[in-house]
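The letters A, B, C and D name the chains in turn, as written, and every chain counts its residues from 1.
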Amino acid sequence: MNTLSVAVVGAGYWGPNLARNFAGSPDWRLAAICDLDLARAEQLAHRFAGAEAVTDLAAVLADPSIDAVAIATPARTHHAVALAAIAAGKHVVVEKPLADSKQKAREMVAAARTAGVVLMTDHTYCYTPAVLKIRELIEAGELGDILFVDSVRINLGLVQPDVDVFWDLAPHDLSIIDFVLPGGLKPLSAAAHGADPLGAGKACIGYLTLPLPSGAVAHVHVNWLSPTKIRKMIIGGSRRTLVWDDLNPQQRLSVYDRGIDLETQALDGLERRAATVSYRLGDTWAPALSEREALDAMASEFATAIREGRHARTDGEAGLRVLAVLEAASRSLESGGDPSRLEPEKELAGDLA
Amino acid sequence: MNTLSVAVVGAGYWGPNLARNFAGSPDWRLAAICDLDLARAEQLAHRFAGAEAVTDLAAVLADPSIDAVAIATPARTHHAVALAAIAAGKHVVVEKPLADSKQKAREMVAAARTAGVVLMTDHTYCYTPAVLKIRELIEAGELGDILFVDSVRINLGLVQPDVDVFWDLAPHDLSIIDFVLPGGLKPLSAAAHGADPLGAGKACIGYLTLPLPSGAVAHVHVNWLSPTKIRKMIIGGSRRTLVWDDLNPQQRLSVYDRGIDLETQALDGLERRAATVSYRLGDTWAPALSEREALDAMASEFATAIREGRHARTDGEAGLRVLAVLEAASRSLESGGDPSRLEPEKELAGDLA
Amino acid sequence: MNTLSVAVVGAGYWGPNLARNFAGSPDWRLAAICDLDLARAEQLAHRFAGAEAVTDLAAVLADPSIDAVAIATPARTHHAVALAAIAAGKHVVVEKPLADSKQKAREMVAAARTAGVVLMTDHTYCYTPAVLKIRELIEAGELGDILFVDSVRINLGLVQPDVDVFWDLAPHDLSIIDFVLPGGLKPLSAAAHGADPLGAGKACIGYLTLPLPSGAVAHVHVNWLSPTKIRKMIIGGSRRTLVWDDLNPQQRLSVYDRGIDLETQALDGLERRAATVSYRLGDTWAPALSEREALDAMASEFATAIREGRHARTDGEAGLRVLAVLEAASRSLESGGDPSRLEPEKELAGDLA
Amino acid sequence: MNTLSVAVVGAGYWGPNLARNFAGSPDWRLAAICDLDLARAEQLAHRFAGAEAVTDLAAVLADPSIDAVAIATPARTHHAVALAAIAAGKHVVVEKPLADSKQKAREMVAAARTAGVVLMTDHTYCYTPAVLKIRELIEAGELGDILFVDSVRINLGLVQPDVDVFWDLAPHDLSIIDFVLPGGLKPLSAAAHGADPLGAGKACIGYLTLPLPSGAVAHVHVNWLSPTKIRKMIIGGSRRTLVWDDLNPQQRLSVYDRGIDLETQALDGLERRAATVSYRLGDTWAPALSEREALDAMASEFATAIREGRHARTDGEAGLRVLAVLEAASRSLESGGDPSRLEPEKELAGDLA
């Protein structure tokens, strides 16, 4: 198995985490740290044997020994850096959000498709042991059909200068929901309700409702103003229901073998479900979780996707779908809460034609 | 202090609870149990010395020794029974919901006003020690201005034959919020999002967003399909935030002396709040709660309101406000989630002119 | 299946619970309530059709239509009442404690054996769904060998006038441990440590250590002075460990598939366990529990034991074993904490020869 | 304020933590890392500007610019290194345990006293925000007289090759109890009960009962075999009771304003407490805690003690008292659980005469 070679672009907040995990991965060789600020690039590169500090992105992209680029620059620059890297034939992983608009993300997805390179979104949370296990359980049919997803992420949080609470916190929830739902998160519409009771100039409290084509619903509650911290996702299924309480390290995941059965009866010649309800009150089960660092699993997935010539689990399309929902949420918010229709799946998938 | 005399009308599910608490109250004498089914009335009346079983409501209303009537008949009959009682000069307490429509409730409120009798809605939950304490804390300014109310009430629940999950569960949340907010619950609009993923024919999962005139927001999540049970209300204030976890008997109420302060600065000659945020990380405080039964406190409040010639804390207007929100929620639900404006406060207050 | 006939003796605190459950059981006919206070007997008997109120125990025992007697008189009278009933050929269930001394209990066990009647101790807690499930899991080998039992039962509690905290609270823990351990609770010794920091004249805080013949240990912490309430039992096994948290109705039982494995190696020609330790970090599992009332299951067990001519699950010997431990605890307490040896198993088993 | 100069002796497991905190403290200059293994010393010293790597302890002690020595060598060498440092006039802080026997600890305490230098035990846990707050509350009388201390520290833990579970885990509990009890932990005796159900060759489960002169009791439960992790200390006081749940980051400390009042009455000419009990059911209060790293606070306390010429809060005597209890526990364990008397306070205090 060949070791792949990666350059990390951007040595600010997230770059060091990417660098550390690529440097520690058996799949990867960390070849270069690229930052406009040479001192910052050097400070980071010095921590990893063999990593070079550079300021010239073009030189990195021109280097044939480099297979891939990990982009951790400000969001507004993701599009330009990624397109250049793709044009140079590099595989690309981009810190979330994939871009600062859906349109740019769509262009990146299309470019990667044309170039035949891997475009991955670093939705880090998806590679935590808990989320990987949730995806595995849903894929294996353990929950049955998904009926609802309810996600709460509230805490005392910094009021961000540039984004509202939806854009700050909901990408976590949306990328996770996209990751675990078979086929990804493709809601029919998005209805967003926000409040700014402190007069901060943007929504500090947000509720987002996403009806799904199956009749299920996803809902996200994000809040910067809550002194009590909650990070909980309930995924209700027709067979079982899963609760992920990320603040309970002793039992993060609980799978409830309980539910409601509606009896199906033939009424008036029509097959319909009647009001007869029965309950199942079964066991609860808390699967053991590994303790692997999420970014390490992400780096490994990136390598495997490149080697197998397949999409990464959190591919560019995933990043695009999250952006599509966020933009729809913003539209709904501006309209005063009217649900905003989401564009057809085809477009979401990144087709430009 | 005169003992007041009450007749309980309706001996079905809730009537026995009313009868037991009136019979046990020093404020009241339980004079009669009235039910169309004499056997049922007798079975209940026999448990209380001095209570008579009757089937004829008119006779009860004609009896000058009876001061008040407690109505626990089916919701669709509340209007007729209450109007008759009011016309007979009786004080009236009505099991929730006050009526089965806002219009009927409004008529009941107007009739009671004209007749000068007390019309009370039995929003029982409001008289639990936890909710009484919440109201007291907010009234005393302990929380400061209310910024948000987030209420979650989810559990495996019977799919009701006649009502959806909003009408089944949200009246609890709405009546409580109405009770604790100074001035009551008077949202600008209601946006309701429901889902029926099992095909039960009605919403089994519901989210309700209620923007308040102050810029605050109230939100209610009700759900019949969750195998994990949550009954939690977070009330965020400018000074402190309160969390009511009704399933934690060891600490139902927690008051967090924490929050976010936005600094107000003069910018460009305008006084506006700048992005400077500071956190307070103070103590948490869990007030002790008494153990009085809620219905007992309700019976006592009914008596006191009559004696003092004042409105009960949960008066007819409170019942009307809850119904107004529920009807707006239904309108929003039918429209696919568009926020439905609520009628002006004047009308909500019960004025008919 | 014949219905059995029972008389409840003692209409004080516990008798009404026994009466209600025998009256509601398909296995039993509640024939009589016997109490020296006729009014009290009548008040109770009137609640159950067909139950007679009597004051004369001898008459009850002489009545051939009565199969069994349930004794709920003060503990100091259990011995006399039970011996009389046994002498009359009645099956007997006795409210805990079986007697007020080990010696008396031993005589009761011997008498029942000789007479061939069932002598049962009403260790009610053993018939709760949680404890029945624990017993079932241990019997099925799910936990493997039991390594330790740690039981905590603390709360703000009334300082009892006549007994210390060991005699007040530990019988619950001891009867449960006796019930779930294969072969019952037969410790080698008992070491009791108490404290009376308020000067109440008796131990208000107690710790009880019970080494078991297998090398395992049972430990009980009882405490009247704790404002935080804990009722938790941890049962560590060689395969799995079970935690019973009786104050967590949403997950009373948790079975941890985790543990420590010591590798066995041949060292110096001897097979011994070396220091090599490996951990298993497996799933957690919370079995669903039924909601049957414990006393109902107790009444049913009493009937079945009589019909099948076998010992009840909580037989006289179980009551005797609990008393033996309590007496040893008192001896240890008096000696200042020296462990007090427990008598040989043979004697504990009730043999008098 | 002069900066003090410190050498860290021992660059193994704990030394790096000490070095990092001394280097980061405004009170200290980290002058040297001393280890027999030069490479290990250098690797650590290189991380801190100005720190020299040395192998020769004598040279460090001879250096007049060095004020203090922090010892993080194996426990059996603490005595020799500390005595040499004290003889050289250095202030000394020693990683816990202070020594590997009470006798050696006593000699260290005496030597420091004679030399007039500060001898501090690095009981790190005492400097966590939670424990500092507990000490502060007890000192301020918030809990009243201490009635009991119950400490539980259980988890799946490595079976240590050289020590049993008492010596591995209980030093944490004992040093904390010593720190928060006014006057320190000076029990009348120690009764230890251990179990080794896996045949590991040493106690893996331990219970330790420590009666205090006031009539109060301290109890410690340590356990390597529990798959459920508990770290909880309950400190019952005559006014209030405190619960420290170290695994609940959202509410580590809870102070219950609840308790039992025994009425004192004059009976038979004697003033004694009668059985009249009343309950207080007051509020619960969770004080906010700072987030300072414990070792940083420890380094600061060490500097302050030196500057003020006073004992450190966790002085040599504290280390000695913990060792005295551990040795008594071992004696009790060997005797099969008989309580082992502790030596008179005078001796515990370190007097050798």
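Basically, contacts are C-beta pairs under 8 Å (C-beta built on N, C-alpha and C of every residue); 3 or more make two chains touch, one makes a residue touch a chain.
Keep in mind the model is a prediction, meaning the values are calculated, not measured.
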Exercise. A-C or B-C: which has the larger count of contacting C-beta pairs?
Worked result: A-C
Problem set entry | Greatest separation from chain D - chain, by CA centre | B
For this session: Could you tell me the distance, in whole angstrom, between the mean C-alpha positions of chain B and chain C?
Result: 45
For this session: Starting from the mean Cα coordinates of chain A and chain C, work out the distance between those two points in Å.
Result: 54
For this session: Two or more other chains in contact with one residue: find those residues in chain B.
Result: 228, 254, 258
Seminar exercise, completed: In the complex, the residues of chain D that touch chain C are 145, 147-148, 150, 154, 156, 158-159, 161, 189, 191, 193-201, 205, 207, 209, 211, 214-217, 219, 221, 223-228, 234, 236, 238, 241, 243, 254, 256, 258-260, 262, 272-273, 275, 277, 279, 336-339
Exercise. Which part of chain D faces chain B closely enough to touch in the complex?
Worked result: 251, 254, 257-258, 281-288
Exercise. Which residues of chain A touch chain D in the complex?
Worked result: 228-229, 247, 250
